[in-house]
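Just dropping this structure here.
Note that the chains take the letters A, B, C, D, E, F, G, H, I, J, K and L in the order they are written out, and that residue 1 is the start of every chain.
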């Protein structure tokens, strides 16, 4: 009943501007198909470089959501 | 054929009584939709507190199950 | 205002019976002097042994509580 | 659009011959149902033993693939 | 005398806007009661989600300050 | 003389009931052949699953004991 | 020929404004002497504090670049 | 009885040819004196170099075996 | 009653001579205000450099002490 | 004189065939410009995927070599 | 023959004076019963405190030795 | 200008006497070719053994130095 159960999935969001934006985008994408997204935690921050500039911030997060029926 | 392949999913079970009960509940919930649950491993143990008492034990596990066909 | 700030302290609770009991005791002790305990996470589980039996479970936790004014 | 988002799943491949073969098999299996597998990383290498010989190499990997629509 | 000693405390700052803002707020709060804050290090970045958007960035840091008399 | 030296061994205890019981059994078994067991620390908690229920809790510990003179 | 080899170097960039800016500056500096910077990964985020404010964000990254001839 | 107990030992196998061969050799050696080797896990892979070539792969593993009487 | 509870604090001691001296100084300083210091564990060893010589060894430790009433 | 000093560099070798081959290639490349390569240790194993097959094994190693006078 | 195999054991040496002395004592003790000790690595440094002074440095090491026949 | 950038290199110093001496020697060696060494951090402590005595302490450190122009 009242003991929630969560599933965690792992996503990598990318952004040309910031770490926060990469996280926002990953969560927004997950929200399209999963209800009740509840929390996230940062796992890793990487990025690719072009011409001496960061091209994409690549931020891997775990996202938790309730799966109770 | 004889070389099994497993998928691992990550779940957080919660319980008002014990770590073991939180794990049991997460596995029971996964069992509703996934056959062949095979093993688990503890990832993290947390909890929330109300009035100086543990309200819920929150135990995150990875659960492995065979995906071969 | 609405952006809470938490402090985390680290405690080792001990118990002759179980991991859960050691955690409960550490939290109960912290509750004597700190309001608003909010959550905890397990850091380490150890114990001492006497005559081939566990004498004390020694469980180290981090406990978080709000410090906003 | 131009900011790809990836999902990561965790698999354990097994092989009687080598670590590489265990990884290949896990990826081949994932490829049956998931398009656009993009990269993997090794998480853990274990194995079971029979009669003093490795029976199965058990290699756990994370596999990333694009989920953008 | 000339060999400084530091104490480290652990705080979680929260912010609706960014990781940097969450850190700033935690440090500003600590500054109210502790002189000589000297350095910090990021321990963990998490957050909660509401309606598919990050509600609060929750950033845990260790903060060091001199305790010499 | 008075500077004790310890050896640490690593054991995995198993139990159908609880983490604590798995630890107790591993220590009881070690006690049959080794005197002066002194302390232990948890290394890993895993388990196998049958029919959607935990079959065995598998708890790996390090156990320390004095080896002087 | 077609199997690229990369070297990784470790840099700490600093910035008075943000984590991203500290990373950008470290990469821009490396770009002065190294061609083909390809990717980076965050290793550690620290900072120093003056008067209760972050003075410099200090972000350590590993940067990879091709060394094939 | 029915709750097996395992001991884990740590070995470094070496090979001039491959990681798998180094593991095989360590397990074969352990098998000479220990019955019931059950499983292993990779701990570390290193090696020494001579004249710009790998001389020996040095692979450290933990090996588990039943110690129940 | 007989189940002690410990608090752990984190300190960085510094010394121009050795790691041990840095630890001694941190503990001596903590002893001024805290009774019953019981044990410590090393967390990190760093240092600053002047003219190609170590100026200060900076050793971070956790120190545990009983907080029972 | 007799107390050797080593420098460690970090390289990522790639190979279409195996982990060992990726390591061999990275070491062979380093050998072109650095004498006295002495040992290596595996840091990370990743890879990219094309059409459900491993395209390149990407193995990051640290390589140590003597830098004495 | 020419591919050595090593066993690693874990020991905690103690000393009232220094980390190095604790390691020396653990190795000297192991040398009484084991030939061919070859190398060691530090695992953990702890200690107990009496009257605000370090009573014993407790240094845990892994020690490797050849087991080939 | 005022936002320093640092490079970190990794070195293993060795000494027949102590951990501190091994670090001192690695830093002294680096100082021969690099100006502005600024700080270091311990990465790993190992050693080799001869006749049951430590022959060389092998201490791996990261050393940071400013690379700004």
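Rule of thumb we're sticking to: contacts are C-beta pairs under 8 Å (C-beta built on N, C-alpha and C of every residue); 3 or more make two chains touch, one makes a residue touch a chain.
These numbers were taken from a predicted model, which means no experiment stands behind them.
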item: For subunit E, the least number of touch steps when starting out from subunit D; value: 2
item: Minimal step count in the chain contact network, subunit D to subunit H; value: 1
item: Degree value of the rotation bringing subunit F onto subunit H, based on Cα positions, nearest 5; value: 120
item: Rounded Å distance between subunit D and subunit K, as computed from the means of their C-alpha atoms; value: 38
item: Euclidean distance of C-alpha centroids - subunit D vs subunit J, Å; value: 23
item: Rounded Å distance, subunit D centre to subunit G centre (Cα mean); value: 30
item: Separation of mean Cα positions, subunit L and subunit J [Å, integer]; value: 21
item: For subunit B, residues contacting two or more additional chains; value: 9-10, 18-19
item: Chains that touch, pairwise; value: A-B, A-D, A-E, A-G, B-C, B-D, B-F, C-E, C-F, C-I, D-H, D-J, E-G, E-I, F-H, F-K, G-J, G-L, H-J, H-K, I-K, I-L, J-L, K-L
item: Subunit F residues touching subunit B - in the complex, by the definition given at the top; value: 17-19, 44-49, 51-54, 57
item: Subunit I residues within the subunit C interface of the complex; value: 3-10, 62, 64, 67-69
item: Touching residues (chain side subunit B, partner subunit A) in the complex; value: 9-16, 22, 25-26, 29, 32, 56, 60
item: Footprint of subunit H on subunit J - complex, ascending; value: 18-20, 23-24, 27-28, 30-31, 37-42, 63
